[in-house]
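Each of the two complexes below includes subunit A, the first together with subunit B, the second together with subunit C.
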Partner chain A sequence: MQIKPILAAMRHHKAGTVLIALQIALTLAIVCNALFIIQQRTARVSRPSGVEETDLFVIRSDWADKSDPRRIDAQMQADLIALRQLGSVQEASSTNSFPLRGTGWDNFIKLQPDQVKMTTDAAIFFADERTLAALGTRLVAGRNFTAGEIGAQQPRDALHSAQVIISKALAERLFPQGSALGKTIYVSMGRTPSTVIGITDTLQAHMTGSWANPYAYNAVLIPARLLNDYTYYLVRARPGQLAAAMRDAPKALYAQSRMRIINAKDGVMSFAQVRRRAYERDVGMAILMGIISVVLLAITAAGIVGLTSFWVGQRRKQIGVRRALGATRGDILGHFLTENLLIGIGGVLIGAVLAVGINLWMVAQFEMARLSLAYVVAGVVALLLLGQGAVLAPALRASRVSPVEATRSV
Partner chain B sequence: MFAYYLQLGLRSLRRSPMLTALMVMAVGFGVAASMITWSVFRAVSGDPIPGKSAQLYTVLIDNRGPQYNDNGEPPEALTYTDATALVAAGKAAHQTLFYNVAPSVLPEGNQSLPFIANGYATNADFFGMFDVPFEYGGGWHASDDAGRAAVAVISHELNQQLFGGADSVGREITMDRHTYRIVGVAAHWDPKPRFFDLFSGNAFGDPVQLYLPFARAVDVQMDTAGRNNCGSNADFGVGRDAWLHGECVWVPMWVELPDPAAAKGYREFLTNYAAEQQRAGRFHWAPNVRLRDVNDWLDHMRVVPPESRISLMVALGFFVICLVNTIGLLLAKFMRRAAEIGVRRALGAPRLEIYHQFLVEAGTVGLAGGVLGLLLTALGMFGVGLLFEPEIARLAHLDLSLVATTLLVAIVATVLAAFYPTWRAARVQPAWQLKSN
Partner chain C sequence: MLKMTHLSKVYRTEVVETYALRDFNINVKEGEFVAVTGPSGSGKTTFLTIAGLLETFTGGEYHLDGVEVSKLDDNARSKIRNEKIGFIFQAFNLIPDLNVFDNVEVPLRYRGMKSAERKQRIMEALERVGLASRAKHYPAELSGGQQQRVAIARALAGSPRLLLADEPTGNLDTQMARGVMELLEEIHREGATIVMVTHDPELAARAQRNVHIIDGQVVDLSEDPRFHAAHAAADQAHG
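Moving on to the complex of A and B:
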């Protein structure tokens, strides 16, 4: 295949060449970044929560009378007994928050009481001896709380944290060398140390914002019932009885006391709903970028088909002449495919630079990760193939131009 | 001539339907993607209180010192101690403070169930400063703040729910077992972003349902339902009283300062206040205070979600590609008619007329693209609701100005894209075209 005649032909329609190259370049730049965003978001969404999610649901109960803490405490214990007695319920526990909730209580964690800056940040989950069973999260070291260790406290009281259970990620962050078990840490910002008595397997925090990415798996379990204006109940249904348990549980709670509010809209949520809500924005963003990428590739392909068709139409006579002088159909087909490949290569070279440039700008603006070059390479290959595919139909039409065309209309 | 060119344009569009469809779709998709993302972006980045945004300032004081503060920035709200002291000093034209509350509300008399309502514990100045409109009655008075009166203002929506929309001024509402006398019913009010409540992350939250006096709420120990930030400082005490008078920040404060001179004066006052705290031994560092107006505060708190910005950028890039595509296709379409142009030119049409004809033709493509874009935008608005969480999605809506912008952008962009192809068309040499046929 000779390149020179193709380059000569391209010089004759510079504008079209430049436009196609530009379109390929811009498409590559945007599609690379869009695909990268999709990958980042889906990676976030598919992170494990460390919770056995099927058959788990949460109930939020607000106290209608905001009565005194002792009554709230008695009510919470009565509620838990009532929930555990339900036939459809396997386990129930009270807490202030849970993985993927979005907002909640997080504390700075320190290794020394007079440390100025925190060592790390962690979610504070008030728990009892049944919380891990309700969540379906295993301990990898140490022991669970015993019923006797579970206290009760109000939000502004000193944290009931002489003994704590911490998540694996937090343990590794605090004590990179050796086990955290039996060590003391400071979780309450005060001067009272907490002894680590257990370490859970992977357990996600409630924080889902991007600021909390470094702390996403840091959690501290405090052995107490939090006597606040509201509480959450983590309820594990017996296998396959989620729907029944979600129906029975609020009824059982109302039967215990009517002086509570369980919001009709989101007072009872399955963990699947919790997860959907936590990642709604990420999933939405991924879908949006997906739609844009597909439409963009389609439009670019259509644009290449349109312009090449026009060129073929314009050059029918020249094609006829070449055919008359002995060029085979394959030669003509090859001409257009090579021409497109050359334009495509020019486009993707500019596009790759643009893609990296846009990504660097986004890294600076939105704290995004650096674009991996694999995406650029994949994008380059995809766009070159797209170009070849798009040019195929007009090129085939060109190859069918009869040598007789050379003699017409002169 | 314009009408004639329009007719020619429409006829030409029909002549090569594939090419036309391609262009119309490119313009339609491009403009729709841009408009959908733009409508969300303009909602999240708009000025929530135009005309007053340069006169309202949030007040911040560094109560943590250089070791504990956030890279030199004071925390994003005040302590109870500072907020109440500064409001009591009354050095600004108006000053307000508030915290978020979520009391249980028991409807008056009837048998219906209690529910949780969200609101603010604030003072009398709040309503005037933030331009809260009233349907019945009005805000309470400064004397009610001082007297710690059990009064309340409820929203239009809560009034509908509790009293069927009747004038409920003078009636009672029960919150957390205490009764309050209603003094006003606010008309629908929901500034977006809710600039004054960024500390608790409520920029796009549900509209507020009720308001009650700050001092009263503190008296009845109504706890904050918003954020409470204690920083990394180790010496805050235990129990509600220690917390209330401690160094945790949870009270946003705003002042109204009519002109830059007043702002300068207030900044001095604030610095003096911090210096006084230093002298008293509470702060062990030089005064570090901020006075941020509405737009400054929205910027500082990065209220526009990055998703909204990125989507807008990507959509605009998408639109540019669609336009590049359109330029190429228009070029093909116009140059295909070189012979026709040659004839017109030979018959005496000046270049300007060629310009007219082809730009009008491009305009019709733009119009068709705009109409398609409008349909896609309407469809997309529905889609945004499926893709994104309701707090953001409900901000996007198709109004008259968006319809007009969509059509205008489509036409203008297409006509701009047509300049180069038209220029090429106008340069066609008549003699050359006539000769070869």
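Moving on to the complex of A and C:
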């Protein structure tokens, strides 16, 4: 109702108006994207690993003597027997890597031997017949490896595995039309066909970077012990005995042989720690974005409070005149709220465009997802409400200016 | 129209109490043109602000149009100011951010008047003061006399029954002052009640009735030697 004269009057305090509008615009643009990033990171952090994480832990054993692969193989088998004999341990298995580890082998997966480009990419987990049990991951089709199928793999030799088990996501990616069971795939650059003998339920890859988003649930289990410079043991404690098992296991391994190093700091990690480490940067980024948002919102609110207070002080006389001419306290309050709303609308219009612009730039630069417009809408509403909230105190002060101010000398 | 009896107004600060008005009695009838004179600091402005419901008073009674105003709440007082009273201030008090048209519109908007009627009244009022052609100008682009005419147009646009003017010519030269005075007389002839504070004995003499305030009280002019002195001076000036 008072919009036209308020708009007209704004031309006479352009600088402040533009400043606040731009501040609102910038805050909206950044906060929208920050909240979107928080949501994206939170979604990443809370996606399932497909692993029964409670009671699971991993041990990394670095071999002191790396000269003889056969000794390493024998040591690994002896280690596994020792671990499984522990009272606090339910299951143990050796592997080169595991979901959420961060680094590891990921390889091209092809459907034809002479294919040059990959069909997709997948994490390579060297597994034995106990690996799925240790992870707590079920098969949804086919069968598990048998003990007799588990071979030994030299790190520098080409992969040649007649049987593989693959994750559900990889199976669906490779064979969208029908079941992958019994089909042939080619792992890595090798030309040796591998038959899919089993398909697991959801199983996350070790890769956690955003580049790997399309492959995050692609995993191939190869029936072999990898005779590398180190190995991991996946150990499932008996229910509720995680702490005890994490204490017992390294002792049992050292009792087997002292020719190894189990790092005191992170040689033994519960899966909860693995998860925390994998998503450290995501959580950190989400917290940083949260702090930036709060700080920006606070600065903007403070700016609005400050400028409006200044305006109220500057316009005391004019407020008194308006009161003398019949404005009620509500009219004066409404005047400042409306003025703020108009500036806010100007700001959020620019800000919405900026928000989308920043997002599109990030999409191009960092493979970000496209900003959902719901965030822009929520941000617009939030900033308009913030503006109204911030303006309330000075506007109430304005509404209490006495009409007698009109008669006070200039 | 405007009746104050035994009215008092005390300004309290931490250290002093100032009686701006004491045992103040006045009765302005409908359609009267009253000039209020008195030395600086005698309480003239205080009287006008109370009369115009800009301020509350400390004691006594004030009936405006038959209503005892001390019982009214802030919104009711705003409504009366808006509908019944027109103000003309010494410092014009136009809103610098608004052009002439928008300035005159201010009280009409607070009345919630429809746009078409507002426009008609604004143009009528501006024509009345001879400034219809300046509707899009800003106050700073006008002379003092023109600004005061805009202020009068603003006071007139709402058709108030009571016009309160606090030294409306105080900031104007003689010629402009005369023009403003003629305008007020014209408005008075059309039926408005006018109470005007002035320092100018010549203008005061043109009102129907003079009220003299000294030390916050209305005094009988015939008993005040200063009044006779002022009149003698005015007579001389007229020559």
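Operating definition for what follows: the second predicted complex is superposed on the first by the 404 of 410 C-alpha atoms of A that agree within 3 Å, B and C clash if a C-alpha of one lies under 4 Å from a C-alpha of the other, contacts with A are read in each partner's own complex, and residues count from 1 in each chain.
Going forward, contacts are C-beta pairs under 8 Å (C-beta built on N, C-alpha and C of every residue); 3 or more make two chains touch, one makes a residue touch a chain.
These figures come from a predicted structure and were not determined experimentally.
Once the two complexes are laid over each other on the shared chain, residue contacts for A:84 go to neither subunit B nor subunit C.
Counted by residues of subunit A touched, the larger count belongs to B, out of subunit B and subunit C. Shared-chain residue A:362: touches subunit B; no touch with subunit C.
Once the two complexes are laid over each other on the shared chain, residue contacts for A:114 go to subunit B alone; subunit C is not touched. Touch criterion met: A:64 reaches subunit B, while subunit C stays clear of it.
By the touch criterion defined above, A:318 lies against subunit C but remains apart from subunit B after alignment on the C-alpha atoms of chain A. Of the two partner chains placed around the shared chain by superposition, subunit B is the only one that A:20 touches, whereas subunit C remains out of contact. Touch criterion not met for A:397: it reaches neither subunit B nor subunit C.
In the superposition on chain A, contact is made by A:329 with subunit C only, not with subunit B.
Where the contact sets of subunit A with subunit B and with subunit C meet, they give residues 409. Subunit A contributes residues 1-2, 4-5, 8-9, 11-13, 317-318, 321-331, 402-404, 406-407, 409-410 to its touches with subunit C in the complex. Those residues of subunit B that touch subunit A in the complex are listed here as 18-19, 22, 25-26, 29, 33, 67-68, 102-104, 106, 113-116, 176-177, 201, 223, 225, 230, 232-234, 236, 238-240, 242-243, 305-307, 309-311, 314-315, 317-318, 320-322, 324-325, 327-329, 331-333, 335-336, 387-389, 392, 420, 424, 436-437.
Residue ranges of subunit C in contact with subunit A, taken from their complex: 45, 48-49, 52-55, 74-75, 78-79, 81-83, 87, 89, 91, 93, 95-99, 102, 105-107, 109-112, 154, 158, 166. Taken together, the subunit A residues at the contact with subunit B in this complex read 15-16, 19-20, 22-23, 26-27, 29-30, 33-34, 37, 62-66, 103, 108, 113-114, 116-118, 154-158, 189-191, 210, 228-229, 258-259, 261, 263, 277, 280-281, 283-285, 287-289, 292, 295-296, 299-300, 302-303, 306-307, 309-310, 313-314, 362, 365-367, 409.
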